[in-house]
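In the two assemblies presented below, chain A is common to both, partnered first by chain B and then by chain C.
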Partner chain A sequence: MAKTKTVIGSAAVNRKKPLWVRAKRDVTRNWDLYLIILPILVFYAIFHYAPMYGAIIAFENYKPARGILGSEWVGLENFRTFFGTYYFWTLLRNTLRISFTSLLVHFPTEILLAILINELRSKRFARVVQTVTYMPHFISLVVVCGMVLQFTKSNGIITKLFGMNTPMLNNPNLFLPIYVVSDVWQQVGWGSIIYLAALTSIDQELYEAAEIDGAGRFKQTIYITLPGILPTVTVLFIMRIGKVMSLGSDKVLLLYNEAIYDKADVFATYVYRRGIENTDWSYSSAVGLFNSVINLALVVTANTISRRVNQLSIW
Partner chain B sequence: MRKMTKGEKIFNVFNVLILLALVLVTLYPVLYVIFVSFSEPMKFMKNTESFLLGPVGFSLKSYEFVFKYGTIWSGYLNTIFVVVVGTSINMVLTIGAAYVLSRRQLGARKFLTVAILFTRYFSGGLIPSFLIVRNIGLMNSLWALILPVAVNTFNLVIMRTAFDGVPESMEESAKLDGANQLTILVKIMVPLVIPTIAVLILYYGVYHWNSWFNAHLYIRKRNKYPLQLILRELIIQNSSANDVGLSSDDDAFLSETIKYSTIVISTIPILLLYPFLQKYFVKGVMVGAVKG
Partner chain C sequence: MKRRILALCIALILAVSFAAGCTGNSNSKPNSGTTSNSSQSAEFSYPIPGNHTLTYFGKLHKNVAQQTSSYADLPITKLWFEKTGVTLEFNTPAEGMEKEQLNILLAGGNYTDIMVYSWLSYSGGLNKLLKDGVIQDITSHMGEWMPNLSKYYADHPDVDRQVKDDSSRYLCIPFLKQGRALLSTQGPNYRQDLLKETGLEPPQTLDEWEAVFVKIKELHPDIAPLTGTYNDICRFCQPAYGVSDTSWFVDNTKTVRFASLEDGFKQFITRMADWYSRGLIDSNFATYDVTTVNNVMSSGMGFATYGSSMDKYNAANVDNGDYLVVAERTPGLKPEERVTYVAQYEFGSNPFAVISTKCTEVEVAMRMYDWAFSPEGYRTLNWGIEGESFTIHDDGLEYYTDLILHNPDGLSTAQALAWYVMAGIKGPAMLAQDERYMIQYYSQPIQVEALQRWGDKDYEFRGFPPVSLTDDETSEFVALMADIDTYVESMCVKFILGQEPLSNWDNYVQTLKNMNIQRAIDIQQAAVNRYYAR
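Our next item is the complex of A and B:
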């Protein structure tokens, strides 16, 4: 690890000296670099590592007045309570259903859009399609959800279109389609950028060779284009699988209402309500910590698989 | 080039048609919002058709109301403060951290990189983070929207990739002149990575303009609300006409159309800038994708 290589031969000498001697020499030599990064380390310590330490309140009956060290230790009680409720299964089901459906809809549509744009003859029209489909990505989530709510309320444009006359988001079964469709509307263009990049990096000679062999464009797509972007697709797919449990609370929080908790409530929104609204600090921290640990496990697994399959790793 | 077969010609036509349909589907909701925002409030309420091809009647009443409604302007000012100050802090810290982590002579380079990247994959969770921010006294302060997100690890990786690409010889010559690292960073390195810096300014700026969740957590006083929280209040929580200061029956119809004009007024700045900045955003996606 010691890559201090300013003086020839010093690396070998360095390795033999105790850590603190090497550290001291490193700091004297690179004091200006350490000075630059100091505020950033303070930032990560306060806003990322301190909360990891703070997460031990998940094992306590935390009372703010007593502090983290003074509160009563209850071990795994909060976790046991959580896993014991039927609601745990509702949350797990909802989180996985919303995540997987989004994943399975986003992937093919983004890839398809990239291929269709790539096949366009007119580059000018291709640019128009790109500019328009990337645009919703820059509209704020509050505005997008506001539009969804306005369009699907009892006299909203979409409600009228389907011949209904009650707010669509009061129907628990419509939450998932509304969530996914609005998400695709907002992100499909932006999501296609990465595949478009993969498409343009495919060796053009392959297409020329296929043309000489008499392969039409459809065959070229099947035998050259798709295999060409397969590595990108696999890596992104595996990584997204690793994130299925970390569905954020933002969008659900903006769209759902009490009437549809049964189908719309997820881990993140539950943590928010129990913690921030009911100040049930320890219990909600336990739910959050459970979620964080599962996330980490999933990402590590996904990365291990990706490394096996493609020799590609995110770290 | 070889002649197109009949099948390919048909495909081309369909391809154009499909994408044209997509363009319309993407644009229409936005156009609809604009149409309603210019509609006459009463006529819009009585309208029974679902699709509009233009405003129902024409009126600037809802815009007049929104412009007079003070909270939206205080929201605008709060958001502008967060965007300007927040993005500046973001950039200074991100550039500094990325530069240091790209220096090979740094003994703790690997340790620090791992420690920082680890936070992308594991966190203490929402509640412990909330308690930290509350305990250091940032409740109801705009700094609560700036400090907890002072560095974005993903953007830090993009920035470091840019510094990695600068040839080492650039630095060596400056060192011979006895310059310290801060001078080297500011005078030599920063000018070489301007395109990436532009990308990150845009990413951070748009993030601050659009973000609402931290404000929702930490800001409870209305005069400190950023734009997105005002928007949420107006268009998501069903605020009745009274809440926003409409009293007479005549004005009651306005409560519908002002939601739409509020959306237009708050989104216009980004949508007007976006086409000019598009290529920078796209470039960032490419760089970021390499090290996801």
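Our next item is the complex of A and C:
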């Protein structure tokens, strides 16, 4: 295991014939599989690749009436303005802080929950726990944030629980914990499903062998369960890293207020305010593009590190 | 004989070009057939001949949305269509969604012929829209196709100044308020039943309000004495310090001031911070929006707030003992003092219409909207259908019937009005509202009282005028103010909450200067100078 390089998703390579001949043969042989993947390719082409054309407006002073080709070209002007803005460093700091904290808390809890559910003897009870924990995922975010606001206002139940008498969301330092904890509460069950699936694929004989060797529950988890789901964990982790900068605006928008902009305002909310509220399309696109570039860089870095250290990577 | 043939030929040419103008295909752009149009206008009469359909974008007023899904279902809209001979195809997002929907519409480039929105709040305003190629300049056709509105402008030069832009162009069709009762539709309001418990008189000054708040706090620790959003609190208390109730105002020497830099504003913030620390302001105010404020007031958890929703609060508490919210004047520092720089203008606070570049039948659109400013249109859109929604009394004035005021089907006055009168739902036609509409609509004594009390302010020095910025000024101003507004709001909320000590005020002012607030002031000053030069 340690020395073989595992590349997930790559097919065996046949170097004898030219690519198109091999591709053609592969398509005729596996036409049904290609048919299945076709809608997804079309989806990506239409909704993810075609709109990239629109990213051009980040370099323009875009006016809808004049269209993408007719608008004035301003080069890097929008980027320059953005890097010079009063809030640039605040936004960067907040985005990274909220994103990474969220990642560091969220990611292990999902795995932990999956392992705990997996360890349960009673399958019926395990199923109940699983259902109960993933239910909040289906509550609309607006409702969840409404609940959070109610619970944390000056006489809200959670505020009282902590013995406070001012709204928790007036305190800039409490935004991050509230954001992360409510996020974990809502998403942890849903996120653990994929790990539960991975756990079922671990060979049961390994556990029996370990038991004979005298390994307890804890040791079995450390030496069998975790290595068993490591490929899944790695892939998901790399993909999560790629979303760090594009931290969702919805939830922050619904929770923040003027008193805590310092700690809560992130790129996505800034883009929302400038783009949708001030109709500054080009500027918002520039910020969005900047985010995407950072995201891409982070994914590539994470993937490379993972390949070097773990011999596990997406590509 | 020759003459008759000539006359016949001219008549024929006229008829042909007339028909061409009415079929409404792409060549009926403003310029085509100007001659025929001008010769027509002498004898033009409604309805406009032919079958015309225009497209319309604008929010669906909530009083309509509660009852039906389209403006087209209203008798008054049908009457308007019938009188003018033009039909509208509606694209009407729900109230509150219009900004997002508009931006999507603009980004997509599929403008409707008529677009109704609060364009003054649209960043860049009408000038930007014109420059971006979204709307049409209708100045050259005003006299010809909008004779009634032109006459209105001639009769009301102050309104004319508000509507036209700095180059004396007309870029929009306005919705106007006619009469002072319409210029003061919101203000402070409070629980009269709780005030009685304190035994104090209705407060007139900030000091008196403070005394009442303290007493309320003693008697009902659970009730927030002053509640509302940050903006509500500003509008309640800020004018007392002579610095308007928003960011900008023009002082009596026609100099532009940024309120949040003024000493008066600092005094206001200091006072609010003091009130907050003593529990006189709702501790949750920073997290509130309009809906939550309404809930707080309706559920009896607040004593006083700012706004126009007192009817809503009272309606929610009909069965709740003495609960009664009434209005009070905007307080000054001294009794009898009238607050300045807050009164509204006739034009600008309501959504108004523009004609987009996608509109091919500009004449039809303009004539349709001009009808509202004719004597017949004015009466119809303000009062509805004679004999049905209004009757004319011996004094020669219009009065709503019981169909509106005491609806037999149990509709509220606002709901009944929505079917017959456009003065209340402020669309889809643009018109000049008759203030008597409001006075009759506010049938209860406390409502009429509210209009008087809220109207008790200075009209000589009003709020910031509806200026227009040039395209370059706009982009610079928007870029500057985007960060400044965020900074001011977050700092002021923090000052009030006590998270930022007031000793940091000088830093705050310095930061604003570093953010180049002076440039923004200069831009506004230039715009104001142009405005007064109109």
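Keep in mind that, in the parts below, the second predicted complex is superposed on the first by the 233 of 315 C-alpha atoms of A that agree within 3 Å, B and C clash if a C-alpha of one lies under 4 Å from a C-alpha of the other, contacts with A are read in each partner's own complex, and residues count from 1 in each chain.
Just so we're on the same page, a contact is a pair of C-beta atoms (placed from the backbone, for glycine too) under 8 Å apart; a residue touches a chain by one contact, two chains touch by 3 or more.
Quick caveat: nothing in here was measured; it's all calculated off a predicted structure.
Chemist: Now for A:A197: first (chain B), second (chain C), both, or neither, which partner does it touch?
Modeler: First partner only.
Chemist: Have a look at where A:R308 lands relative to chain B and chain C in the superposition and call it first, second, both or neither.
Modeler: neither
Chemist: Given the touch rule stated above, what does A:K219 touch, chain B (first), chain C (second), both, or neither?
Modeler: Touch partners of A:K219: none, neither chain B nor chain C.
Chemist: Contacts for A:I276 in the overlay, against chain B (first) and chain C (second): which applies, first, second, both or neither?
Modeler: both
Chemist: Have a look and say if chain B or chain C is in touch with more residues of chain A.
Modeler: Ranking chain B and chain C by residues of chain A touched puts B first.
Chemist: One more residue to check, A:R93. First (chain B), second (chain C), both or neither?
Modeler: Touch partners of A:R93: none, neither chain B nor chain C.
Chemist: Quick one: is A:W185 in contact with chain B, with chain C, with both, or with neither? Answer first, second, both or neither.
Modeler: A:W185: touches chain B, not chain C.
Chemist: Give one of first, second, both or neither to describe whether A:R80 is in contact with chain B, with chain C, with both, or with none.
Modeler: neither
Chemist: Mind working out whether A:M239 is in touch with chain B, chain C, both or neither, as first, second, both or neither?
Modeler: In the superposed model, A:M239 contacts chain B only, not chain C.
Chemist: For chain A, which residues lie in the overlap of the chain B contacts and the chain C contacts?
Modeler: 64, 149, 276, 281
Chemist: In the complex formed with chain A, which residues of chain C make contact?
Modeler: Residue list for chain C touching chain A: 99-100, 103, 106-109, 122-124, 131-134, 222, 230, 283-284, 286-287, 357, 475, 478-479, 482-483, 486-487, 489-490, 492-494, 497, 499, 515.
Chemist: Can you list the residues on chain A that touch chain C in the complex?
Modeler: Answer in residue numbers: 61, 63-67, 81, 85-87, 149, 153-155, 165-167, 169-170, 172, 257-259, 261-262, 265, 273-274, 276-281, 283.
Chemist: Could you list, by residue number, the parts of chain A that touch chain B in their complex?
Modeler: 1-6, 22-23, 26-27, 29-30, 32-37, 39-41, 43-44, 46-55, 57, 64, 113, 116-117, 119-122, 125, 128-136, 138-143, 145-147, 149-151, 157-158, 160-161, 185, 189-190, 193-194, 197, 211, 216-218, 235-236, 239, 249-250, 253-254, 268, 271-272, 275-276, 281, 284-285, 288-289, 291-292, 295-296, 299-300, 314-315
Chemist: Which of the residues in chain B come into contact with chain A in the complex?
Modeler: Touching chain A from chain B are residues 2, 5, 7-8, 11-12, 15-16, 18-19, 22-23, 25-27, 29-30, 32-33, 48-52, 93, 96-97, 99-101, 103-112, 115-117, 119, 121-133, 136, 147-148, 150-151, 180-182, 185, 206, 209-213, 217, 228, 231-232, 235-236, 259-260, 263, 266-267, 270-271, 274-275, 278, 281-282, 285-286, 289, 291-292.
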